[in-house]
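You will see two complexes here that share subunit A, one where it goes with subunit B and one where it goes with subunit C.
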Partner chain A sequence: MLNLALTHTIPTPEGPRPLHVELALSPGERLALYGPSGVGKTTLLRLIAGLARPDQGRIAFGDTVWCDTGRRVHAPARERRVGYVFQDYALFPNMRVRDNLAFAQPTPNRNRLDELLALTRLAPLAERYPHQLSGGQRQRVALARALAQEPQLLLMDEPLSALDPALRVALREEIDEILHTVQLTTVIVSHDLGDVFRLAHRVAVLEPGKVAALGTPRDVLLPPTPGGRHALSGTVLAIEPADVLWRVTVAIGNDTVATLSADVDQLRIGAPVAVQLNGSSAVLQPA
Partner chain B sequence: MIALQAADIQPFWLTLKLATITTMVLIVLAIPLARWLAFGRSPLRPIVETLCNLPLVLPPTVLGFYLLVSFSPVSFTGRWLQDVLGLKLVFTFSGLVIGSVIFSLPFMLQPLVAAFRQLPSNLIDAARTLGKTEGTILTRVILPNARAGLLSGTVLAFAHTVGEFGVVLMLGGGVTGDTQVASIALYRKVEALDYAGAHSYALVLVSFAFVVLLLLRLIQSRHETRPC
Partner chain C sequence: MNRIPATLTRVEHGAGMTLIEAEAAARSGLPLVATIVGEVALTVGAAVVLACKETEVALAKHLSGEISLRNRHGARVVGLDSGSVLTRVQLDWHGQRIASVITTGSAQRLGLRIGDDVEWLVKANEMAVETA
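After this line comes the complex of A and B, so read on.
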């Protein structure tokens, strides 16, 4: 569906550095671009959307070539039908929520607009301006607007990074449900493991200059055996049965820790958790 | 002392006509120019912006002098304008409009460019990903969100045209009924030692300037309290 192979110079604190990326997404797949800040995740989204041109390479969606530097082909952003959820949401301040969505529609369709408002639980806020909304509400408007244009590909740039942790968990689940409903091919940029495990089918781990790993979040990011460095707080990434106990994987900073727990009733994937060191094992409590 | 004769009203009408036409021409000219200066990538932008802003620091008589020389029928450009386009621009109202447009351009351009540059670039990128043309982006996204700059520029350009003196005197010559605007009429009254008449013109112009500045302040404070 989406195929790209490109090289593009990324400005880094150590000077310009070329990033080489080859990726292929199948229809309906959700891919996370995961990696530290400044590695080129947002730049890659902008290249896919047509908001920037790669130094070299090719981007194609289905049979349509969006960009091919060798043949001097570059379809402008407006021709690509790509839904883009910006990190700062980029809602039009002069338009009400409903108008933001209506502006995005390729042809006016009131019923479809009402459906989207209902899907994203924005119907009661439809007549408000963006500055009258909370961060979480703006995020939902940004997603609804991207969907209103009936895109063939959805791009989300750090969709939850501006939100506080509690809201982030709730909204992450909402976005997961919405993406499940719309079944769009989606690329999500995040440096948060909770986002990656909850929202993505596959993850491409970006390191300076390259894609360091590509696969399911479980294969790429989870440690093979229980253990690892323990810290005091983290995010639940996975809960799975392990004989009479549960194996719980937690993100602590940029590391992952797998440990065994007897009680997981109050733990949720993507939720914050307190990890208390207790001899050779760890006790997990919802934070 | 402050009673104006019917004949004395005429310069005010001429001033309003000149300011209105100049402002309308400037709106049409300055919007695409400001957009190019704010969002374009050409390395020529600083040079063009500096040229457009020259009237801010030039004595008006300098600009008026160069325009007079350029438009004069004895010059190459003046002869070309007259022979090819049939335009006579020295001591005519059309010449005044052109001189006023050039002289008031920075007063319209500066607030517009500043307002455009304050817009988050993601707003324009978002509109592009939504499939919008550059024209739609200008009319539906950029201008509505930069309306305080557009209003300020319009008011300033209009007011500045009303207050012009040097350019209109040099290029217009102060021909009664054709190019004698209020500021020139005031000058002529003083020359004729008619201080009562001069007072009348001066008072109207001062009142107008006060109202304009008050209006600008209200526009700015409204923009500060209501983000959009």
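After this line comes the complex of A and C, so read on.
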């Protein structure tokens, strides 16, 4: 359905770097673009949407060629029927929720607008302005507005990154249900593994200059751990004596763990550390 | 962390798990056993290092009857470092140094002295496999 093969120069702190990407999405497929900041994930979305032109390459949706640099073809964004959900919502602040959606419709259709409000559970909020909504509600409006464009392709750029963790989990599940209902071919940019595993059928892992891996999230992001231990990346916060051992406190993301260790000679406060977790001994409880 | 050089003698996959047995370079005669979550590509004959944390090593004296633990090996106490709560016990196991951290109360109950013969025990799921 969506086919692209392109090369585009990405500005990086080390200087311009060419990114080469070849991807093919099936109808209704959801693909996540996963990778570190600055690798070109958002740029790739903008190229697909027609908001930027690739240095070289071809982008086609079905039989329609959106871009072919060799033939000097570049369909403008408005002709591509792409719905774009931005990280920061990008809603019209002076329009009510209903009007934000109506403005995006290619032709006025009140029934369809009511359907979308119901689908995204925004009907009770339809007469509110964006500033009267929570972050999660605003992002639901952004998604509904993208769907109001009746797109053939949906692009979502870090749709959950502005939300706190609890809200993020709840909205992730809602977005999953909405995407399941609309069955749109979708490309989602995220650096969050939970987003990738919940929302995407396949994931393309971007590294500087290339797609480093492509496949199901499980195949690509859960490589076997030869020793039966999984390593989490952390930062040493404190090393304190604890009898004949040392009590080492480590930050992992926004959480901290403390463990007893006999070997602290190579640990330094503030330095990175790998926290190894035995696969069969981890205790899991719903948070 | 205890790190024991060994050679794989058995690799068995099933139910998303891998069970391995290995002969330690120390040549104790009894295999070391580890279970790994995930079916990992390991081959018999490969050189590995088995690793277990000191706090996962239990000690016993005059142990009788059957026990499920298969990592059960005789060793000699060569060092004791007692704190108010924990005691670190150094063992010599066929030339391989093994450390165990147990409570000081348990060390006293066992009457541990340097030169004592003991058994060290580790559950298979607490033993990790590092490629050598």
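Throughout what follows, the second predicted complex is superposed on the first by the 230 of 287 C-alpha atoms of A that agree within 3 Å, B and C clash if a C-alpha of one lies under 4 Å from a C-alpha of the other, contacts with A are read in each partner's own complex, and residues count from 1 in each chain.
The working rule: contacts are C-beta pairs under 8 Å (C-beta built on N, C-alpha and C of every residue); 3 or more make two chains touch, one makes a residue touch a chain.
This structure is a prediction, so every number in the text was calculated from the model and none was measured.
In the superposed pair of complexes, A:252 makes contact with neither subunit B nor subunit C. In the superposed model, A:31 lies in contact with neither subunit B nor subunit C. Looking at the shared chain after the overlay, A:84 reaches subunit B, while subunit C stays out of its contact range.
After overlaying the two complexes on the shared chain, residue contacts for A:149 are found with subunit B alone; subunit C is out of touch.
Of the two partner chains, neither subunit B nor subunit C is touched by A:97. Contacts of A:276 after superposition on the shared chain: subunit C is touched, whereas subunit B is not. In the superposed three-chain model, the partner touching more residues of subunit A is B, compared with the other of subunit B and subunit C. Contacts from subunit B toward subunit A in the complex involve residues 120, 122-123, 125-133, 140-141, 144-145, 227-228. Residue ranges on subunit C touching subunit A, taken from their complex, read 1, 18, 34-42, 51, 54-55, 81-88, 99, 101, 125-126, 128-131. Within the complex formed with subunit C, the residues of subunit A that make contact are 224-229, 242-245, 260, 262-263, 276, 278-281. Put simply, subunit A touches subunit B in their complex at residues 46, 49-51, 76-84, 86, 88, 90, 92-94, 103-104, 106, 129-131, 145, 149.
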